[in-house]
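A quick write-up on the structure given underneath.
By letter and in written order, the chains are A, B and C; residue numbering begins at 1 in each of them.
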Amino acid sequence: MYFKCKLKECNIIFGHNNVISIKDFEKEDIKFILDEAEKLEDIAQSKEKSEELSGKILGLLFYEPSTRTRLSFETAMKRLGGDCISLGETSNSSVAKGESIADTAKMFESYCDAIVIRHDLEGVSRFLSDVIDVPIINAGDGAGQHPTQTLLDLYTIRKHFGKIDGLNIALLGDLKYGRTVHSLSYALGMYDVKMTFVSPEELKMPKENLLDLEKNNIKYKETSNLKDIIDEIDVLYVTRIQKERFPDIEEYEKIKGAYLINKDLLEGKELIVMHPLPRVDEIDYDVDNTKYNKYFEQAANAIPVRMAILKNLIRHRYE
Amino acid sequence: MYFKCKLKECNIIFGHNNVISIKDFEKEDIKFILDEAEKLEDIAQSKEKSEELSGKILGLLFYEPSTRTRLSFETAMKRLGGDCISLGETSNSSVAKGESIADTAKMFESYCDAIVIRHDLEGVSRFLSDVIDVPIINAGDGAGQHPTQTLLDLYTIRKHFGKIDGLNIALLGDLKYGRTVHSLSYALGMYDVKMTFVSPEELKMPKENLLDLEKNNIKYKETSNLKDIIDEIDVLYVTRIQKERFPDIEEYEKIKGAYLINKDLLEGKELIVMHPLPRVDEIDYDVDNTKYNKYFEQAANAIPVRMAILKNLIRHRYE
Amino acid sequence: MYFKCKLKECNIIFGHNNVISIKDFEKEDIKFILDEAEKLEDIAQSKEKSEELSGKILGLLFYEPSTRTRLSFETAMKRLGGDCISLGETSNSSVAKGESIADTAKMFESYCDAIVIRHDLEGVSRFLSDVIDVPIINAGDGAGQHPTQTLLDLYTIRKHFGKIDGLNIALLGDLKYGRTVHSLSYALGMYDVKMTFVSPEELKMPKENLLDLEKNNIKYKETSNLKDIIDEIDVLYVTRIQKERFPDIEEYEKIKGAYLINKDLLEGKELIVMHPLPRVDEIDYDVDNTKYNKYFEQAANAIPVRMAILKNLIRHRYE
């Protein structure tokens, strides 16, 4: 499942080059990025102006669409004074003419100062980081990793609670196939947290992810019943359960209903609700205007966190 | 038909927030924008350079394509030193994954300093302006409004004649369904003008629009025969008659021919021809190189007018 | 085949306006652009920052996709501090509503400081340069011209050998239909070179192109057998042989195999391999990490060369 690389290829704090997997990060690397992001908040919110990356260009290689990820990288780059170029839809590009990913990336290498890649195949961004000289940022590769999502998730938690240690964090939904929850679970394993996994029996967290936690002596609980644990948790991280996972549509409808988060369910609780978005109907709209809603802020946090990554990866090349 | 809002939500001159409907504008608001646009001409034509909106980002939410509107907003933003991000084609974005408009707009709210929205549903931009904090600019919502088009139309008339008062302005084509002519007619009702409506019987100006004029004591004439009135008018504003409006294609062909504007028809007259573009065959290409042609300049006027709007909406937030 | 224009419309060195065909260039114009490009290398590679074209906008009118050409123009513009607007996919724009090319270009004329056009119809960019005031750059028009590709090809050769005179340059592949090789052959005719044409019998260089060379007393050789000449040449310029040219797929497969460039074939030779890219399988991946590979650098050279063109075309308008 995971790419088992033990190299510290993207150990930014020591001046390394790529952001491929959260597994390449030490705890102090994560702290470094979150601290950097914090300092960039005023620029992210456009209260202050930056020319830090002026003249620099970020290449966007999205082999599958991801609106939020693409736009937040674009915004992050532009808030820092830089600019972007984009492959655009692959159906309408050199990709359609049969060009290999490596050749396309080689082109971006000579036009850009860093490359963000999203692809449906696991391992693609690791492969590219071996053949391409400019920094590669993995923005999701199939069932693999999405490290910058994890960093902004951690930033959101730390920003709200002032810390990550000591919290009980529940991940809910499709825990079997969701790369977002796999990456996040791995990263949280570096902290002193309790983990709670809420999913239908068919979509439980894979064994290897649980083993990663055990290695770090993290206590975790698994359940299919949200109500059993809702009073214990500080963070409820919701992800979508995709219809396609179920051969039987009735089975899906039943399960979907059991995991719908709404205001009634949350009333009186002391927790925050997160979601990588877009949501379809996992979280009722009546949660939007409550104190529980952290998913919109979470999306906003993509800007300072991705700014911190871009700034440090790109500046590093010229120092 | 019209959104009957009486609130002065976008009364820019008093520092308000959105541009939703021309009906939210007082005459002095319009004058303010047109005066501002005039001052921005040198920057619009790139004879002068501006850093006014440097670091600021405009979000483009086009749920239906509109090349001229999109590109002129982009250019306006970039001429002022700012930049844009775009949802892109909705078939290839989070919209396709089932995300609601409000959620998509929430994302743009945290990435941008203002949002331009084009949608085929009337009322969408008004709705968004209620739930979104950054300024919303309506770039056309179904049969509803397209206020910035109206402002650039007025700008074009004022630039040519040095005034709007005292003119006889003819609107020609599909007056029943065309939001452009509805908005323009409403705005002209604030001035001391004569209005002439030229259309096939089936596509006459709706009663309520005529009532708006009557309230302002504007004299108007309705006819299906262009030749009857062509000697009286100062402005001939042409719009497309869409084939889809006619069940009978022969009927359409007959009508289309009756409203074709060409050089022969205009010879010796003292009027200007306007058109929101794109044209298909409403105006013959032989008009392009005559003094009657104001439609290309009209498209060019989109830049200073939209610059004036962007500058005042966005700067206002930081003052 | 070629557009037989004898006007010096794009003679940049004398301050002219458009880049339509390499045939409009004198040898000293080419030298001027290549020298300019050389000076811009540090900015192209983002070692230095430029604000030269800040506030300026380049319009991208791509009626057919061309990823490398589009992205390198974008990068060139942005490295110089400028920005771009793009028609986007024509299926989703005013073009789909039936707008003429001239009308679309008129819109870009009033929004941009220069226009790059790619179209599948020969002569389109020449036509536009007659009706549009801002500089037009031809980025490929059907079987016609692609002059900026030729300039970057020449730049690549000169950069490697320090000169163009005295070299033996082989063009290989589809020499009958390929506009790239036609333009390049014409331009090389201005230098003191030997030319070698390698192609299947069905895809030989057209007579008129050979006549152009004869007029300039250029010695050339034609062959269908690469091995016959590989020891004599300094540059092997490879182009794709398109399957569609052959009624018989077996015939195609046979020919394709005969023109595959791989490491074994090149071993011990003193030549460089060029390709306008994207390649599909004309050049084996085992050539990538050899000294023969100049095609990636060739793609990178698009930036300084296109910067030189943009800078001189656009700055000229404001001086």
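Annotations
Following the convention adopted for this analysis, a residue touches a chain if its C-beta (ideal position, glycine included) is under 8 Å from a C-beta of that chain, and two chains touch if they have at least 3 such contacts.
All values derive from a computational prediction rather than experimental measurement.
The remaining chains, with chain B left out and nothing else moved, touch as one piece. The rotation relating chain A to chain C, fitted on Cα atoms, amounts to 120°, rounded to the nearest 5.
Between chain B and chain C the centroid-to-centroid distance comes to 41 Å (mean Cα coordinates, whole Å). Each of residues 83, 89 in chain C touches at least two other chains.
Those residues of chain B that touch chain C in the shared complex are 43, 46-47, 49-50, 65, 67-68, 71-72, 74-75, 78-79, 81, 83, 89, 277-280, 285, 296-297, 299-300, 303. Residues 54-57, 83, 85, 87-89, 92-100, 102-104, 106-108, 110-113, 318 of chain C are the ones that touch chain B when the two sit in their complex.
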